[in-house]
C-alpha cells in the first residue's frame, strides 16, 4: 500500500536506499519445484549495472545478488525468495552539500513534502538503484516464462531525435540488441545513438530515449477485463520505472490519426490477425499476437552543469554538477523494461490459471 | 483480482453487461458525513450518455442512476454506496447474428478464449457501457475533491490529425469545453473536429482522438514511491478506459527529444516551478504544480461497413456494419477521463492522509 | 479496505442497510462456464430468512434475490455477478425513538464514534440483514465446491448450557440437521434447545450458542503458510459474522490441556490420520482430513426488556424492548457459517490452483 | 497473496527458513519521521529467543536484528524498513534423517502435498523461527502505539489444566509478567506452571497453554464493519501464530451460556461500560474499553519420544525424538502475541486515519 510491492499473485516487495547498507527484496508466489539458474539472474543484473561501458555511469557497483531463502537444492520451494544486493561503492560524503537542497526535477522536493525526513544521499529511496531488485525478480520470472515459450525482448528504438523508422522497426534482428552499447538492434542507428550520447555527455548534458518491448509466445486470454486490463497493468509497470513519462501499446499515439477501417486488425482463419495495431491486446486481454509496447524516458535530471535551485528554506542556491552519472537512461533501462514486463506477465499467467480451476 | 475493482482505500467495484438487466457498482471507502449532490452526479452521467447530440450514438439510454445505500439524509454514512443504472434500450435481437462471430479488433475473440462462454450482446461486459458506473463513482469523488480545492478538467485536444498546437494548449479557456459538441475548448478547432467527425461518420468509418486532463489545486505529496507512482496509477486508470492505447504525462513522448538542461523544471522560491515538463509529478509524487496528462484513443472498432472476419469455428464470415454507434470516442470519453482521474486522486489523498497519523 | 469485501481471488463485496432500498453485492472471480442453479441459492436464503419458524424473528422479509449480471443462458460468464435483495418489510418509523440513543452492546455507539453520521434504522449497516448477501455468494461457492466433491455442513452444537457431548459429536447423522427448527442433528438435544429458546424468548431475554462446521472432501494443500493459514482465514470469516465471539479448530481450547503425545495425529499409511485433533489443518494447510471448527455466538443484544442506556449527549435514557427479534442467533446462523466457509475455501482453491501453473 | 504478508496499510512481509542463511522481512507503511529505539526492538527479540531460560529450547540463536534501510539518522523515513536476522546455530545435519519423513502433526506432510519440494531442515519455512521477524515489526509498531497511549500487554493465563480463575484474572498486576520464566503475572500460579512444564519436559512430552492479551488506551472507532471487523483481523493474526488452535474475545466461549440481559454491557454516562463482556469491540469496531482476547495453543508436536509415522512413499517409520525443543510454547509466544496485536492495531489506526481526511 505504501508502494513497495508490485503484483497480486506473483509479487515483489523491495527495500533499500542508494547509499544504505544494501538494497533487496522479497519475491512471493513463485511456483514451487522450478529449477533456478542463478548465473542467468546475475547476467541480467550485469546488463543493468553501472560501469559496464563507456556509455554509462562509472559508479563501480559489483551488484552481486545474494539469495537468502526460498531456493533449496537448486529449486524453488514455493516459499518467499529473499535476496539482497550490498551497496559497495557508496560515497555518502559526496552528497553532504545536497542535504538541504532540492535538485531540479528530482524527487528531493516531493520526498521532503511527503515525509518530512529523507535520506538525501544519492537520491535515497528515489534512486534508480532500486531497480536492481526489480531485475532480480524479473529474471526469475523470465526463466519461468521462457520455459512456457514466452519470450520478452526489449531494445532502444529512440535516443533524442534519432529514431527507428516504421520500416526499420519492421525489419529488426533482435539478436543484435546486445551487440552494441546502446542496445539498439539496428547497428547503424545504434552507432548514431552512441555518438550522440557521448557528445551529449561531453556537454555535461543528458538526453531522453524510448524503449520498445516485444513479447512473443503469449497465450490468448491473459489480462483481466475492465480495470486490470493487460496493457493497463503493463503501462503502470513501465511508468513506475524511473524517468518514464509515456507509454503506448500497438498503434498508440499514431493510431489516433487512423481511420477504423485501416486500424482494425482483420483475422486470419487461425485466429491470428493480418496486422497488429492492437499490439496483442483486445479488450484488455491478450489475443495471442505479439505484445508490442513502447516507453518514453525523459532526459536524466542530474547534469554536469551548474543549475539554479532552492533549498529547504526557499533560499536560492546553485546546484553544482558533479559525480558519476548516465547521460541517457535507456541503454541500462532495457533489462529493467524486460524485468517489469516479465513480472506483470507472470502475475497474469497465475491469475488466469487460477480461474481455470 | 478479477479486474472489476479499482482503488485501494477509495474503491469502486462494478458489474453489468451492455444488454443485461442493469449495470452498477459499489463505492467503498468514501468519507463519512459528506453532503452529496445527486443532481451533480446525474449531470456527469448525462455528459457521457448516448443520444446527447448529433455527434454521438443515438442509442437512447436514459442512464438514470439509483442509489441503494450509503447515503442517509443527504449525507454519506461511510458505508458502501451501492447504485445501479437500468438498461432500458437494449435491443438484444440486434445481436443474434453476432453470437458466434468475432468482430475485428473487438473483445469477442479474447473473451471467448479467456472464458469459453460470453454474453455476446453489444459486447457484453466489454462494452463501454460499463464506464457509466465509473462516472457515478468519479462524480462522487469529484465532489469531495472540489471541496478540497482540487479541480479536474479534461478536454479533447486531438481528433484524427486535427490537433491543438503547443501554443493553443498554452492559451486555453477551459470554461469553453462544454460549449461545443466535441468538448474542445478552442472553438475554431472544435468546429473543424466536429466537421471531420460527421464526415467520417458519413463514410461509415471511425477516427481516433486524444484527451488532455489538467488537475489544479493538487497538494504536494500525493503518490507512493517505487511501484505506485502517482502517474503510474493514473496511467493505468486511463489505459483501462475502452479504446485507450497511449498515455503520457508532462512532456511525455516529446520530452524524449529534449536535453536535460532544457527539460529540468527550475524552482521558484515558493517551491513552484518555472516550467512544468514534469506534469506535476517528480519521483512519482505530486509537487503541487498542475497535473497534466494526455490519453490516446484508437478509432472505434465498430464500423458501418462490411468487414471480413471469422466465426468461432474459424470460418470466414462477413460482419455487416449496422446499428447505432459513435464515429469518435473522445467527446463522450471526456467525463470518463475526469471520473477515473478523480477516483485515483481521492484514493491517493486517503493513502497519504493515512500516513500522517 | 473499508471492510466490505471478502476474499482475494473469489471475492464478495456487499452493500446495504437494514432499512434502505435494498441490500446486495457483487461476486467477482467466479469461474466461467459453470451451470448455476438459482433455486438452490434461493433455498439457502430461505434457511436464513426471518419468519421461517416460531423460533425466529417474525419480521416478514421475502428475501428474494435478483441477479443482474454475470450469468448468461444459465451459466456463469466469468464476469462479476451483481445481485440485490429488496428490503420489503422495513418499518423505519419503528426506529425513530432510537435515532440518538445507543443501545447496549450494539454497534450504535461505535458507528457514531467512527463515522459521525449513521443510518440508525434497525442497526443500519451493522444489522445482520447484511448476511443475506453472504448467503447468496456462499451458495454460489457451495455449488462449485460440491461439484468438486467438497461438502460443507454446519449445525448447532450448543445453546446456552445445552451442549452435544464428545460422544454425541462423534455419532451424528448430519442429514438430520434440517429436521428440526434449531438445526441440531441430535433430535433429543434439539428438542431441549428448542424448548430453552422458547422459554428464553418468553422472558424477553436472549441466549448464546455454538455452531460446528465440518468440511469433507477437502484436497490436501489448501491454505497459505505464515499469515494466511487456512484456519486463520476461516477464523476471520467466522468472527466477521454478527455476534461471533470465539473460534476454534480441531481440539481448540480443549487441546490446551492435552499432552503432545496424546494430541499428535498419527498417520495411516495412506496419509490420513488416526485422530483429527488438528481439525484438518497442519501448518496452516489442509491435510485432506475433514475440517472441523466451531464458532461461539454471544446472546443477541436486542432484548424485549427495558434497559438503562445513554444517548448521544451522554444523558441517561431507558431503551424500551420492542419489535420482532430472535431470541437465539444460531439456528439462522447455520447457513451463514456454511456460506462463509464456502467463500473462504473456494478462494483458497483458486489460490492453490494459481500456483500449479 | 502467497501468505507472506500481513496488514493493508502497515505491512510486514517475511522470508526465511529455519536453517537457511537468514530470516528477515520488509516493513512498509511505517509513518515517517518517528524516532526509533533499536535497543527496544532487540529487547523484544530477546524475550522470544531460544536459550533464554531453563524453560525453553536450548538452541543458541543470538537473534540479532540488522536493519538495512528505512531508518536514517535514528528516525524513520517512510521508506520500507528492510531487516534480517542471520541463522547462526543451524545444525542442518541433525535433520538428514527427516528428509523424506513426515513427523506427526507437523507441516511436513502438507508442505510436501502443496509444493512437491521443501526445505525439510528444522521445519524450513513452517518453523516458528519465522516469528522472530514478526517480533521485529511488532516492536516497531509497539513503539509507535505507545507514543499514542496504546499499551499492549500479553501474559500466560493457562498451562495444561493450570489456569487463572476469573477472580485471579480480575486482580492481576501485569507488571509482574516478566518476573518469572512462564510470563504469568500471578506468581503462585506461575510457579505451578513452571513446575508442570519442567515435569512434562522430563517425560519427553509437551503441553498446551493459553495467552491472554489486553490493550488499553484504545481509541473508539478502530476496525472496519462487515468483513474486516477488528476482532476478526486480530483473530486471524493470532491464529496465524504457530500452534494456535483457538481464539476468543471478551466473554468468548463462556458468553455462549449467558443470557443477553446479563451479557449486555451497560453504558456509563461517559460512554465507557460497566462490564466488558464485549472485550472492547462492538459491531467490529473498538469502543474505547480495553481489548481483551485469549489465544489457545496446542502442545508442540515435537516430542523427545519415539513416534510411529510414515515417509514420503507411505512406508511406516519410527520418528526418533531428539534435539532441543520447547516443552510448552506459551512462555516464548507472549512477545509474538503482543507483536501481532501491535501490527493489526497500527494497521487499523492508519485505516481509520485515512477516512478522517
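In this document, chain identifiers A, B, C and D correspond to the written order of the chains, with residue numbering beginning at 1 in each.
The rule we apply is simple: a residue touches a chain if its C-beta (ideal position, glycine included) is under 8 Å from a C-beta of that chain, and two chains touch if they have at least 3 such contacts.
Everything quoted here is computed from the prediction, not taken from an experiment.
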| item | value |
| --- | --- |
| Chain at maximum distance from chain B, centres defined as averaged CA atoms | D |
| Between A-D and B-D, the pair joined by more C-beta contacts | A-D |
| Separation of mean Cα positions, chain D and chain B [Å, integer] | 46 |
| Distance from the mean Cα position of chain D to that of chain A, given in whole angstrom | 39 |
| Residues of chain B engaged with two or more neighbouring chains | 1-5, 8-9, 14, 29, 32, 78-79, 114, 125, 225, 351, 355 |
| In the complex with chain A, residue positions of chain D that touch it | 1-5, 8-9, 11, 13-17, 20-26, 28-29, 32-33, 66-70, 72-73, 75-82, 84, 114-119, 124-125 |
| Touch list for chain D against partner chain C, complex | 1-6, 8, 14, 102, 104-107, 109-111, 113-114, 125-126, 130, 158, 160-161, 200, 205-210, 220-221, 223-229, 231-233, 235-237, 239-240, 245-253, 255-261, 263-271, 273, 277-279, 281-288, 296-303, 305, 307-310, 314-316, 351-352, 355 |
| Chain B to chain D touching residues, read off their complex | 9, 29, 31-32, 78-79, 225, 349-351, 353-357 |
